[in-house]
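Which chain is which? They are A, B, C, D and E, in the order written, and residues in each are numbered from 1.
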Amino acid sequence: MIPTPKVDWLALSPTLALLAAAGVALLGSVLVPLWARRGFTALAVFAGFVTAGVFAAIVFDRSAEGKSLIAESFTRDRLGALAAIIIAGAGALTVLVSWGEHRRDHAGEYYALLAAAGAGMAFFVTAGNLMTLFLGLEWFSIALYILCALDTHRATSLEAGLKYLIVGGFGSAILLFGSALVYGATGELGFSRIAAAGDADNVLLLAGLAMLIAGLGFKASAAPFHMWTPDVYEGAPTSITGFMAAATKVAALVLALRILVVAFPEQEHLWTIAVAVIACVSLAVGNVAALVQRNVKRLLAYSSVSHAGFMLIAVAANSELGGRALLYYLIPYGATSIGAFAVVAARERELAAPVTLDNLGGMGWERPFLGAAMWVFMLGAMGMPLTGGLLGKFYVFSAAYEAGLWWLIVAGVIATAISLYYYLGVIRALYMRPEAELRPALAGGSPPRDPLLQSAVVIAVGLTVGSFFFVQPLIDLARDGAGSLPF
Amino acid sequence: MTAGAWLCLLAPLCGALLITALGESISRRTAAWISTLSVFAAFAGALIAFVDMLGRGHEEREAVTTAWTWLAAGEFHAGLSLLVDPLSVTMMLIVSGVGGLIVLYSIGYMDGDPEERRYFAYMSLFVFSMLMLVEAGNFLLLLVGWGLVGLASYLLIGFWHERPSAVAAAKKAFVMNAFGDAAMALAFFVLIWQTGTLDFAAAFEGAGGLSQTFVDLVALGLLAGAVAKSAQIPLHTWLPDAMEGPTPVSALIHAATMVTAGVYLIVRAHPIFELAPSIADLAAGLGAITLLVAGVIALVQTDIKRVIAYSTMSQIGYMFLGAGLGAYGNGMFHLMTHAFFKALLFMAAGLVIHHLANEQDIRRMGGLRQAMPRTYIAFLIGSLALVGIPPLSGFFSKDSILASALASGGYGRLLFAAGLAGALLTGLYTFRLLFIVFLGEPSALVREHDHGSAHGEGPWTMTVPVAVLTVLAVVGGWVQVAGIWHPFGEWLDPIAVGREHLALVEPTVTQDYVTSVLAVGLGAVGIAVAWMIYGSRKWSVPRVPSVQRTLEHKLWFDELYDAVFYNPGERISGLLRRGVEEPLIGGSIEGVTLGAREAAGALGEAQTGYLRTYALAIAAAVAVLVVVFITVQ
Amino acid sequence: MADVLVWAIWILAAAGCLGSGLAVITFTNPFFSALALIANLGSLAVLFLLASAEFLAAAQVLVYAGAVMVMFLFVIAYLGDRREAPLAGGPSWISLAALVAAAALLVEIVVVIGLKAGDALADEASVDASFGSPGEIGRLFLTDHLLAFEITSIVLLIAAVGGVVLGTRSEAEDEEELARARA
Amino acid sequence: MTTALIVLPLAAALLVWVLPLPGRAAGMLALLAALAELVLWVVAVAGFDFDQGLQQEDRHSWFSDLGVSYHVGFFGFSLWLVGLTIVVSAAAIGYALWVDRERGRAYHGLLLFLMGAITGVFTSQDLLLFYVFFEAMLIPLYVLIGVWGGPRRLRATVTFVIYTMAGSLLMLAAIIVFGLSQGTFSLPDSGTSSNEWVFLGFLAAFAVKAPIFPFHGWLVDAYREAPAEVAAILSGVVSKAAVYGLLIVISKFDQSVLHDFQPYILAFAAIGLVYGSLLAFRAPDIRSVTAYSSMAQMGLIVLGIFSLTTVGVTGAVVQSVAHGLVSATLFLLAGMVETRTGTSAFAGLGGMARGRPAFATVLMATGIIALAVPGSVAFAGEFLILAGVYTVGWGWAAVGAGAIVLAAMYMLRLISAVLHRAPGADVREDARDLRPFELALVVPLVAALLFLSAWPASVSERSFPGTGSAEASE
Amino acid sequence: MRGPDVSWYLIVSAILFSIGAAGVLLRRSPLIVLLSLEIMLNSANLALISFARLHGNHDGQIFALAVMAVAASEVVVGLGLIVAIARKHLDLDVDRLRVLRG
């Protein structure tokens, strides 16, 4: 008889809730009659995300002391729980946004895979060793590969899926090889054991670290590992793009912070600089490339690259304040991403065509609510006042200053200044195009009301703006979350 | 005493505001009377102050009254204060008295102009400003008045704003005066910096403790302001152009009051000028140069008002000469008599112009004596006073200045000679004008406008002031007869700070007599020559084309300033636009935009769409990262 | 003696492994590439075996070379006549850069290993015979690595769903097809 | 009290946006709110003790870990700047109501929002809060110009926003460094800094906002393309945020730092003064002249502030108020000219004085105050500024005095080109004089200027308590 | 350990990894790219197993086994995608999939 380990079910509950939702949805997509299938699965998955969020909140509440479980397979701590809350929130909003897509094929599977991806992320952020890291990564990645390609009737969707899959597979392979090297150098898979075992200047360990950073950078779509991002974001179904932009980044960045801080404290002098440089490159590439984009999804994709840069600044700070900054930043960032893509999705459904800056023209006046919301999201992405984006940047820069990385502040400032051009470009498209340039909506007529999408947008706006006014509670959460790591 | 001063100051302001506020709800005539009455009320206030002051002892004739703190910052305070002393009361009387007459004259002169209301509001504003200038209790308020008279002058010169020449002349006057204002302000900054105050008494006291450089700077700044305002060389070119304004304006502002403010300033600030003798000498020298140059230029002018304007410059040159040499009382005396006879001349000229329907070119005039006999008399008296023929007012005042010059050493003798030459010129140009305009055969134009004497020579509102001034031009000089009695000088004496007498130079009786003989003689010679050339036409006008052209171009001052200041300024402005603003300031934005776009384009190229390149980027980045980690380690 | 045999087998396996690997990426016909991969997996299994990973060697052959590659071949067969694929192509700078990058990675890893070869990599831990046996692996999968085991199954499930979803025709595609046919 | 002044316009903005009113009614509501704000301000003034420093404070912690709080309050000078904001904004809202802007709800809401943000800037006592309001001003401005502006508005807005943001982002960096090294972001609680980079960071924001030469690339386009009333707020009030910022800066840095940078800042300010004046002299339309003159005036104000003397700083405050009112009035008048003639280019204007006495009087009055004729409040401000900067070096004052002459030249040129000479090609006979409503908008502004001209000490004496204020030292 | 020591395994693994990488970077057929990815994953497996032997713990082997499953998953999804692409009558050439770019 093999003594099976005692499993901390509560710690796993967010993941399990989502897995359960995925299972129910999967069953539903076969068993429930066609007319109710979409509703049933969507509801189940929405409930799954909400439950996961609630569970994660409970975990957060009850995990003042972080601990590793099952031979460092995963960690029960506030960092993971907070990240799971954000991911669950992103997922729930994504369900709301997705509803109006009226997907005929694979509707059930769509939601099931969404829940599965969410579950993978919720687990991934708690991963405690290299193996669960890799598995968690593949878990949600594979789900996302499928989701990206799910619109099989669209060639771009398939192209996006294949690109994501192959480049992602390549990135995973590198991450894996890096894990192998780290394992080889230390003989350990668990993060804290790696730190304990490592001799600091073991070249195997360093090569492995480099590859790990690359693999996680890929997921966070940090430059120069970002090149899949615009293509995939453009090709994927828009709601999924939003989910990827928000949730994948949460997962990748939180885990990057966790593994770097926990497993590689001795190599701090190397990876902080590496991450800082990657952050700079991301800022530069993301913002500059976005300047000439006409396709709004693509523009937002580059914007997400640049935001990865900002958040990597917080990681590079390698401090409690940096952790706080990262976790705080993720909240308004996630809300703006999902919200912005939701608005794009709404426009897309209205036009039945890809949304570009040109056919966005006049939307601000035609659809005042969505227009104003998009405005708020763009302000949030710019880091303007009255949105949490400003304070996110404020915290990130503070962390950089505290860590002595003042040049990152300069880089961030320049990047923000550049970014204004394209964010303002969106607002300009919404409101300021001369009447002559405005083209009538292609699909004609007013589209059916989509209260769910609108409520998602309302929530996103609320989060974007609310995170500005109610900083203290959020920053308390972030502090508790960041406190889980041994800075 | 102070109540009178306040009444004097505020009455015209109220008049101006009233006319502006009531706008079109009152008739033009009512507006004119509001203005006139307000100025006469000011005169009444001045009289009250004067009478009150007469009843006091010499020590009690000075009072400062403050309404509120006008400007304060840090340690620096300047109140809205009036200084009432014999000097300011003298000026108040002249300004409001002559001003009242001229405003009254305007009622007739401006009758029928569609914008009469605006005119009278401006006139009241001017009188207020001028009174503010002369009553100011500190340098800051003096500067305020200084600036406001410039403003009113601008408004009135440009009153006929549809004439481009009038607008240009107004701008020119204002800008040149602004230059003077700025120079004065700089002088005040030195005072604030060094003494912390702009109150007259305190500043004079503080100035005593300053180094010579600072005192010179202050005096120089004040002098620059005075020169600009009084149209002395080299800041004189605006005055002839200012004749674009209505004739009463020329009489009031550009003859009787504003332009003489420079003299007032020198007298008011005499302690500073005494501390800076070289600057005072400079003032006297500038006056001498101006009186000669203006006199010469006046010889060739063909516009009736311009001739008088140059004559004004010339006469103010005398006043500067006197004030610069320390003969303050004599300078002020000439200021007063000049106000009378020059206002008279302008208003008489105004009658002529009015009569000839706004024609000002003397070449088209002639023989007006028949048509306008009384005007001729008035003009003749004014001219004689101007030339300084006894017993008219100009004789007393001008000769006393020249005598002072004679009395003040070597430099003074030089100036004395200049003054005498000026006297000759005065006679010449004055009577050239008189003979051309009034004598000889009536010209075509004059005949055309000869309506007979049925209409008289003008409405009573115009003729009465002329009459009053004619009397004043005759008797105005009798308040001081050199070597016999000096009530005017004694009246002003209390403003001497820390000294027995105001005047620094006291000519002897002999000097007085010598001066009188020479000056009158030369004036008479000038008249005689003018008679030979223009009256009896026995002599032809001497022709020296180059000289004539030079004089007609007013010694090329305008051209010089255009070449040195205006044109370079305009060119620099254009150069800055084309050389800095567009290529650098705008171009930098263009450049950054272009650069960013190109970079973005390059990144877009790199985003080839080949997924292999995406993987390649990752592989390359990993390769670099590994190398860096290992080598850095 | 046994050592020599082991060396010989190792060298053969390694050579086969590398050779078949090269073959995979050089064949123009995916079918042959897939076959080469099977050879590659087989020779890897030998190396696994030599490195005391018996269970993995078995799994490699059964699961990987057997099941997975069969599916591969099936798909290749299904795709039929589009089998021929050019060796490389596209912009030549990509190929060049690709080779450089791959070579750089190789050199780096080899250098890294070489740097460590002297000390840490020379002395393996001594292990008993049961090392790598199915029993040991199984025990770990149910204790320390329980989660990994479960997650593996989840990943496979997701992939299966994905395969089904992507592999089957959708209504939208049908409609599009129909539309194209009509046109 | 202070919070009420900030919140009232913001709340009114929300109300205007949310209530489904027709445009005109929304405008009325906005105007009402602006007038109510004015009343509130008067109450604030009445309750203010000018012998004390910071007053009428509200303070709540915002997030405590970095020591950031919502902290607002008034200094004497900020009271005047807020008053300026309210008066100009009210006039602008009134003007927008008068011309009946399209999409009135959005427009008036944005104007109110802008008003609230500016009020916030002038009352912030916490650096981050200051930054928040400073940036928040841009949000409505971007849309106001971008949607309702002239034909080249898109370019103008982008340039404007990116330019200003680039500066203020550097300030954000500086704020972070300052706040973290001080341990608090609260202005009253923090000491002075000696970090020159931080100083430059702050300076960058204000140099662009003011603007100081050579950071004025955004200026003319923005002023020319904006709707008239927005241009009025932009040049009249928004630029004064830089003044407030610089006043903060000189109180929060060591004297050594300030004195190190003083010559350079004075030099750039002086260059800006002359440069702006020269370009204004040749600018082709009312708005460009006003724009460049704004630049020149801001250079002058910066001269005053960086004289680092009480006199100069006080002069800067006076001049800020004066210039705010003047340029707001001028832009509103430019708008009125444009609605009548369709242009503000001098080439098509002229002769508007004939038959339009009210317009002529108002423009003339504003113009002559703008050129700082002695006795005007602008003169008072300039006089103090130059008197202050004179003690630093006579050359600065000489340049300033020279610029006064230039100011006279370009302002007179403007006045003449609009009012005088023969009627221009675009001035039709039926272009009417100012209507009573328009008069009701500009006359209060001019009246305020005249009042201040009669009594500039009302501001200058009541800006800094006592003589040796914390903001400036001898 | 009989036979070559761990470094030799690793060198094989490294070469294999590079071969796989080169395959992904060079080949245009998505099928062969997938196969190359498999080679990369397998090279990692070889490294893991060698290190497991080196350290004498099973973690590496377990990891390798998990990787096998993941590799299979990727293959399944990849093949599904390729089939879907083929069904759309698109070229099976990754270089032709560049609608999305810029």
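Please note the rule applied: a contact is a pair of C-beta atoms (placed from the backbone, for glycine too) under 8 Å apart; a residue touches a chain by one contact, two chains touch by 3 or more.
The shown structure was predicted, so the numbers you read here are calculated from the model rather than taken from an experiment.
Novice: Return the chains common to the contact lists of subunit C and subunit D.
Specialist: A, B
Novice: Taking each chain's centre as the mean of its C-alpha atoms, give the chain farthest from subunit B.
Specialist: Of all the other chains, the one whose centre lies farthest from subunit B is C.
Novice: Closest chain to the protein CA centroid?
Specialist: D
Novice: Quick one: name the chains whose C-beta contact count is the highest of any pair.
Specialist: C-E
Novice: Mind checking the centre-to-centre distance between subunit B and subunit C? Centres are C-alpha means, answer in whole Å.
Specialist: So the centroids are 101 Å from each other.
Novice: Using the average of all C-alpha atoms in each chain as its centre, how far is it in Å between subunit D and subunit E?
Specialist: Each chain reduced to its C-alpha mean, subunit D and subunit E end up 65 Å apart.
Novice: Taking each chain's centre as its mean C-alpha position, how far apart are subunit B and subunit E in Å?
Specialist: About 96 Å, centre to centre.
Novice: So how far apart, in whole Å, are subunit A and subunit C when each is placed at the average of its C-alpha atoms?
Specialist: 30
Novice: What are the residue numbers in subunit B that touch two or more other chains?
Specialist: Touching at least two other chains: 604, 607-613, 615-616, 619-620, 622, 626, 630.
Novice: What residues in subunit A touch two or more of the other chains?
Specialist: Correct list: 131, 135, 138, 142, 145-146, 149, 152, 161-163, 166, 170, 181, 184, 203, 206-207, 230-231, 292, 421.
Novice: Could you pull out the residues of subunit C that touch at least 2 other chains?
Specialist: Touching at least two other chains: 90, 94, 97-98, 101-102, 105, 108-109, 112-113, 116, 120-121, 145, 148, 151-152, 155, 158-159, 162, 164-166, 173.
Novice: Pairwise, which chains touch?
Specialist: A-B, A-C, A-D, A-E, B-C, B-D, B-E, C-E
Novice: Considering only the defined contacts, which subunit B positions touch subunit D in the complex?
Specialist: My answer: residues 20, 23-24, 68-76, 118, 132, 140, 143-148, 150-151, 154-155, 158, 161-164, 167, 170-171, 174-175, 178-179, 181-183, 185-186, 188-190, 192-193, 569-570, 572-574, 576-577, 580-581, 584-586, 588-589.
Novice: Show me the residue ranges of subunit B that touch subunit C in the complex, using the header's touch definition.
Specialist: 608, 610, 612-613, 616, 619-620, 622-623, 626-627, 630
Novice: Enumerate the contact residues on subunit D facing subunit B in the complex.
Specialist: 159, 163, 214, 216-218, 275, 278-279, 281-282, 309-311, 314-315, 318, 351, 353-354, 357-358, 361, 364, 368, 371, 373-375, 379-380, 383-384, 386-388, 390-391, 394, 397-398, 401-402, 404-406, 408-409, 412-413, 416, 419-422, 455-457, 460-461, 467-468, 474
Novice: Can you list the subunit B residues touching subunit A in their complex?
Specialist: So the residues of subunit B in touch with subunit A come to 596-597, 599-601, 603-604, 606-607, 609, 611, 613-615, 617-622, 625-626, 628-630, 632-633.
Novice: Provide the residue numbers of subunit E that touch subunit A in the complex, in ascending order.
Specialist: 10, 13, 17, 20-21, 24, 30, 33-34, 37, 40-41, 43-44, 47-48, 50-51, 54-55, 57, 59-60, 62-63, 66-67, 70, 73-74, 77-78, 80-82, 84-85, 87-88, 90, 94, 97-102
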